[in-house]
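Each of the two complexes below includes chain A, the first together with chain B, the second together with chain C.
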Partner chain A sequence: MLSRPKRAHSSRVVARLLQSLFVVWAAATAAFVLMRLAPGDPYTTRIDVPANERAQWSAQRGFDQPIPVQYVKWLRNLAVGDFGQSSYFKRPVLDVLRDVLPRTLLLMSLALTASVLLGMAIGAWQGTRVGTTGDSLLSTGSLLAYSVPEFWLGILLVQLFAQSLGWLPASGMVSTEYEYLPLSARIVDRLRHLVLPLTALTLLGTSLFARFQRSSMRDAWNEPFVQTARAKGLTERGVRWHAWRTALVPVVTMFGLMFPSLLGGAVFVESIFSWPGMGHTAVLAVNARDYNLAVAAVIVGSVMTVSGSLLADVLQRAVDPRTAA
Partner chain B sequence: MTPLRYSRLLAGALVSTLLLACSPEQQPLDTREEGGTVAIGLSGEPASLLPPLVGSDHEQAIVEVLYDRLADIGPALATVGDAGFTPRLASSWQWAGDSMSISFTLDERARWHDGQPVVADDVKRTFELYTNPLVESSQAALLANIDSVSVSPPRTATFWFKRRSPQQFYDAAYHMFIAPAHLLQDADPAELSLAPLGRSPVGTGRFRFVQWNSGDRIEVIADTTNFRGRAILDRVIYRLFTDVGAAVVSLFTGEIDFFSPLPADDLEKAGKTPSLRVVAYPSLKYQLMLMNVRNPASVEEPHPVLGDLAVRRALSMATNRERVVRAVFDSTAGVARGPTTGLFIPENATLRELPFDVAAARALLDSAGWQIAANDSVRAKNGVRLRIEVLVPAGSPNRDRMAVLLQDQLRAVGAELVLQRLEINTLITRLERANFDAFMHGWNMSPGLVGLRQVWTTGSFGGAGNNYGGYRSPTYDANIDSALSSFDPVVAQRTLIRALQTIIDDAPGIWLAEDGAIAGMHERIEPGVLSATGWWHGLPSWRIPADKRNDRDRIGLTPAR
Partner chain C sequence: MTSPLLSVSDLRVSFQTDAGVARAVDGVSFTVSAGETVGIVGESGCGKTLTALSLLRLIPSGGKLAPSSRVEFEGADMLSIPERELRAVRGRRMAMIFQEPMTALNPVLTVGDQVAEVVRVHTKRSRSEAWALAVAMLARVGIPDAAARAAQYPHELSGGMRQRVMIAMALVLEPALVIADEPTTALDVTIQAQILELLRELRERIGMAVLLITHDLGVVAEMASRVLVMYAGEVVEEAPVESLFAQPIHPYTEGLLAAVPSLALASQTTQERLRTIPGTVPPPTAWPSGCRFRDRCEHAWERCATDAPALVQVQPAHRVRCHLVQEPERRRT
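The block that comes next holds the complex of A and B.
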């Protein structure tokens, strides 16, 4: 038999999971309805085909049926894991997701990791040196980086490092000759193609984390426990460590919130660097009125959002056990 | 070992790896006539490489080198009878005495890339798939005059037509790429896109399929045993881009060798890049500002402004089309003379175009009762202002620029153009409901001139075709019908000219640009003449001289690692 606190914890977890499920369902339903209310259907842009013929195709696929009828059918299929066919890619939606999602997750996870590590390091350093020249320079730098739009930064990076200097490839995940290179060269090739999109995505995240970390570190640095730790004879490094752990909570929350927002950033970055990932595919699906794929993209986005939020909770409890109470 | 030594070892290994990776393997000089690899950028990914499902240019570009038609159209793009057509999958053909059927005999040497012989059943099955409504082929409407296909095993396929037509050979031979029946026997037409052949094609073309890495590339190599001879290039790698800009940058950096159409903005830079060559070739596309002649509120009544012939003619005359085209396309496009490209206007045609004459345009509007009131810059008649909402597709910079220039030029005669930039689905929905005044339109002609019927005849208004502006002229309809149905080339030409003159006089649009296409390519590539039907048409004959080949060309026919 579970003890009372454990039982309360379990019901909190169940409630949170149900809440997450509701969020995903609500987002998917809203996307389903809005996509069908938007002008056009999957055949609209095939303008070379007479409208009457396109209307016949639409009816064949059931797009002329009332939205509730289409919704029930879609929900029934979804319940058995069938996301349907992509009208644009002419493939099962799951096959398309299987191709594009790992590419975006690779880019996002690397960008997020780099942003967190760099941002925390820079912010923590600044937080203990508030008001110094170094702090001012880094603050100005991070503000500048934060205010630069990702797409503009991406274009700038391509112009400079790919077109002008020719140091790095401008686009794609691998080179044209990739399949015919030896293994070592393939690894290098993949890394070279990651540099520019990753930089574009990381810079914004780093500046954001740095600003949060600096602020929370500065607050923690002025707390009485820091003085106490010093009075107890703890080394300066030890004092910093204690202060940093306390200053982690807002950064961890930010980590969870940043997780889905990177997907938004990936939309621009994927287009500029021709990185065939989820962001670009989602935009394509909406423009092509690829109903099934667009709704699946929303489901993926909402799953990432609730996962980020759950992850933030878990990490928050890990760094600050008081929040678990 | 100390940590320092470890890090030094690691650094050494990394440097060695980088050096190895960057140094090309020494290869003996290749002196063969055949050889070379071309990396071609496509601004999109095909959905399927199954012939009946092909719709976009980037699908057509690949399917055309993997599959064959029964016969190929000649360089003059003639579509009357079989004049100019050359054998492809069919080695010969025979017309029935009453011209109601044509029998194609397939080349006995023709083989599918899996080694199976090409048989008449392949033609029959292909026709069935193309015309099955469940397949949703965009070519189906073009095959409407073909009643059925019968076979005389093993290699004779006979097309039976519903009625005699000058274009019946073109209909049978040109619109379909023949697909392998033995790999499609069990395919469900409603789910044809799921057939494995769509992503792993088996054709008869001079290139054979190698691989398709979704989102990244599609590769084909020369079919060395092809019945029409192997392609000269060893390999073509189609790089799939999510964005035109990214493809153009990759052309400049050498990551790809070829991209078309090259945007006009990049021409100057391409011209200054020593490794690149810019090649212009004809296109079948023209652009116009389409005017809705019907009232959006009640399509049987004339449009309150553009239903007036004098207004339409005056707007055309007030437009300096030459200036618009030069400002937007520089020298890469010509001024359109009517609703077609110059390629399809008979050489001896003397078409009277509406002259650029602002004074005459003003006078015409004055005489039609469109006056400018005091303290106003826009004309009005009976309380209706000469105000036109122009729909512009968002993300179409050339059409946007043309619209802005028109807005400026037409202001001079007291017309107010209000530009409405719309997302493409919203825009098309409004077009199909005739809920618009004017639209920055572009149309891609096909060799058979069916576009002249599909876009401008009275019967093609309201869903049966693409006559969005509701243009109606019994004279045009009758002449275009004669032009497309007459077996006498002289009559066909004469009636085509009459039809074009009628529509030019009626001015249901301001004819703007007759596009030329521009390709940017690496200077080592010799593509021959690029066809108006698509740059890819002669791809199997492209060559790279042995003394100009680079590391990419030395990939050869070897399989990937």
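The block that comes next holds the complex of A and C.
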């Protein structure tokens, strides 16, 4: 009886991984085709160069060949880990990714951590006090933060804290004089640049997690086992823990699904704050028709999406014994 | 005679609803002595579960206790003692077995943890000692291979096993009083008998008192020595179990007894139909004036509409809330 679910489990894992791989491949293929169907090529913007020279560059890179031919070549290179050359940065795509991806991951992981912790704390607090003034105020606040577009929120923050008040830098990761600063000032400078983009992303993420945690906590709070816990003589804190432990299940799922959507949010937030990360680079690459880089950005995004949903599965199994088979 | 273990007097719980004030429990008084088993019987909506919850001060939010209400347990006033002392009583001296073992157990914690938690909260025992005690208790309530079962989650156990876990959780610290709210209602008939047998056996061994809340007179007959019949938030009849079954006085009690199917009845050649009590329990926002049962009572006369009957003693341990006690000639036969 014990061995059978296990075998089913491992075959399910293999199936999930294959499925994930397929999703990444499909997204990359779609990006590849769409990029090439879009008007122009990587050299269209170089109006300083004569047209025949640009055509020659294009031909050198093979961009004049039919799309299927290009596709097969690109796929063959990709299979050995070669993402090609970035036409915009004039460097290998992998090098560009190595530079920009950590910057986004820094912003994202901080924002995600802060969002999860704050959102769960706020939502769990609300869930046991549904209908009170505090709960209504927080619900209104989170609905507001949730419905505001992130780019608008970003612009608002820049207007207020960077332009009107002048407290914080409006853009970039570091100041221009960064190289000449002592170590302590460098750290402060980096943190100051982090505040606004992080706030924009965190406000959004927090409102989302808070709304989720509130509703799951409210549901758990009305379950009979909460009364059982109280009848056992637990403190209110202990009783809340009982409810929260079951209310965690949907939030954990949300965590995995939020993974890629924060990347999506980062595309806007990075553009507004000129944060030289993945999102910012992806926008640049598309605008510059940097085929290889744009497709690589889509691959990164889809890998994050599928690993997010895999992570959600793993976490859910960890916190909910009913789904762990 | 020593003072009873539990003494409830004039318990009143009301709720403010859209339809008005619902007086769900309306002046309930009774006592339970140490080691005694008392049954509370009534249809759903009569206030029996709320009465039980009030004893542990577990009134659902929105419920208001009248200031005159008293629940005295082992010398402490359960309704006014500070939270801290209340928590020390809950689960340790007075425990509760809930009706739905499916939902009354936390689905994401192992059953062993949920039993051990009671030990951990109330005693200074270590985690491993508490676990060992939990496993021993699970074995005691008849769970086979308790050590392995303790590490499982509620969804991995059958309904009967889950109810055994509930019982283990309530009894692990050998409380003086156990409130069992419909402990067998959610179970299959064959499992019901097992659970009742288990409760009886543990009651003898631990020497605890049991307050059994049920709508099932059969369960009461098997378990209780004294019975309270509740109707519309009030106790309408209280009697030792033998006299209640032998000579019920309140028409509602009579109706309940007549509504129990019996094998003797079924084997009769003249197929007599099972009797039911006409009508339903009125809503708690609008109890009828006078006697609350009068709308469904075959004996009711004018006085019943104007004059609310009091609970009067008819025999040393037998009390009834009915005007028929004073005017027995009104009884229609």
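Observations, loosely collected:
As a convention for this text, the second predicted complex is superposed on the first by the 321 of 325 C-alpha atoms of A that agree within 3 Å, B and C clash if a C-alpha of one lies under 4 Å from a C-alpha of the other, contacts with A are read in each partner's own complex, and residues count from 1 in each chain.
What we mean here is this: a residue touches a chain if its C-beta (ideal position, glycine included) is under 8 Å from a C-beta of that chain, and two chains touch if they have at least 3 such contacts.
The structure displayed is predicted, hence computed values, not measured ones.
When the two complexes are overlaid on their common chain A, residue A:73 makes contact with neither chain B nor chain C.
Contacts of A:166 after superposition on the shared chain: chain B is touched, whereas chain C is not.
Residue contacts after overlaying the shared chain place A:225 against chain C, while chain B stays out of touching range. In the superposition on chain A, the chain among chain B and chain C reaching more residues of chain A is B. With both structures placed on the common chain, the touch criterion links A:12 to neither chain B nor chain C. By the touch criterion stated above, A:287 is placed in contact with chain B alone, chain C being left untouched.
In the superposition on the C-alpha atoms of chain A, no part of chain A is touched by chain B in one complex and by chain C in the other.
Residues 38-40, 43-53, 55-57, 60, 85, 88-92, 99-100, 103, 158, 162-163, 166, 169-177, 179-185, 187-189, 270-277, 280, 287, 289 of chain A are the ones touching chain B in the complex. Chain A contributes residues 223-225, 227-235, 238, 242, 245-246, 249, 319-322 to its touches with chain C in the complex.
On chain C, the positions that touch chain A within their shared complex are 53, 56, 58, 87-92, 95-96, 98, 100, 103-110, 117-118, 121-122, 153, 155, 166, 169. Chain B contributes residues 17-18, 20-22, 39, 45, 47-48, 53, 55, 133-134, 136, 138, 140-141, 190, 193-194, 198-199, 211, 214-217, 219, 237, 239-243, 245-247, 249-250, 252-253, 255-256, 423-426, 428-430, 432, 444, 454, 460, 463-466, 551-552, 555, 558, 560-561 to its touches with chain A in the complex.
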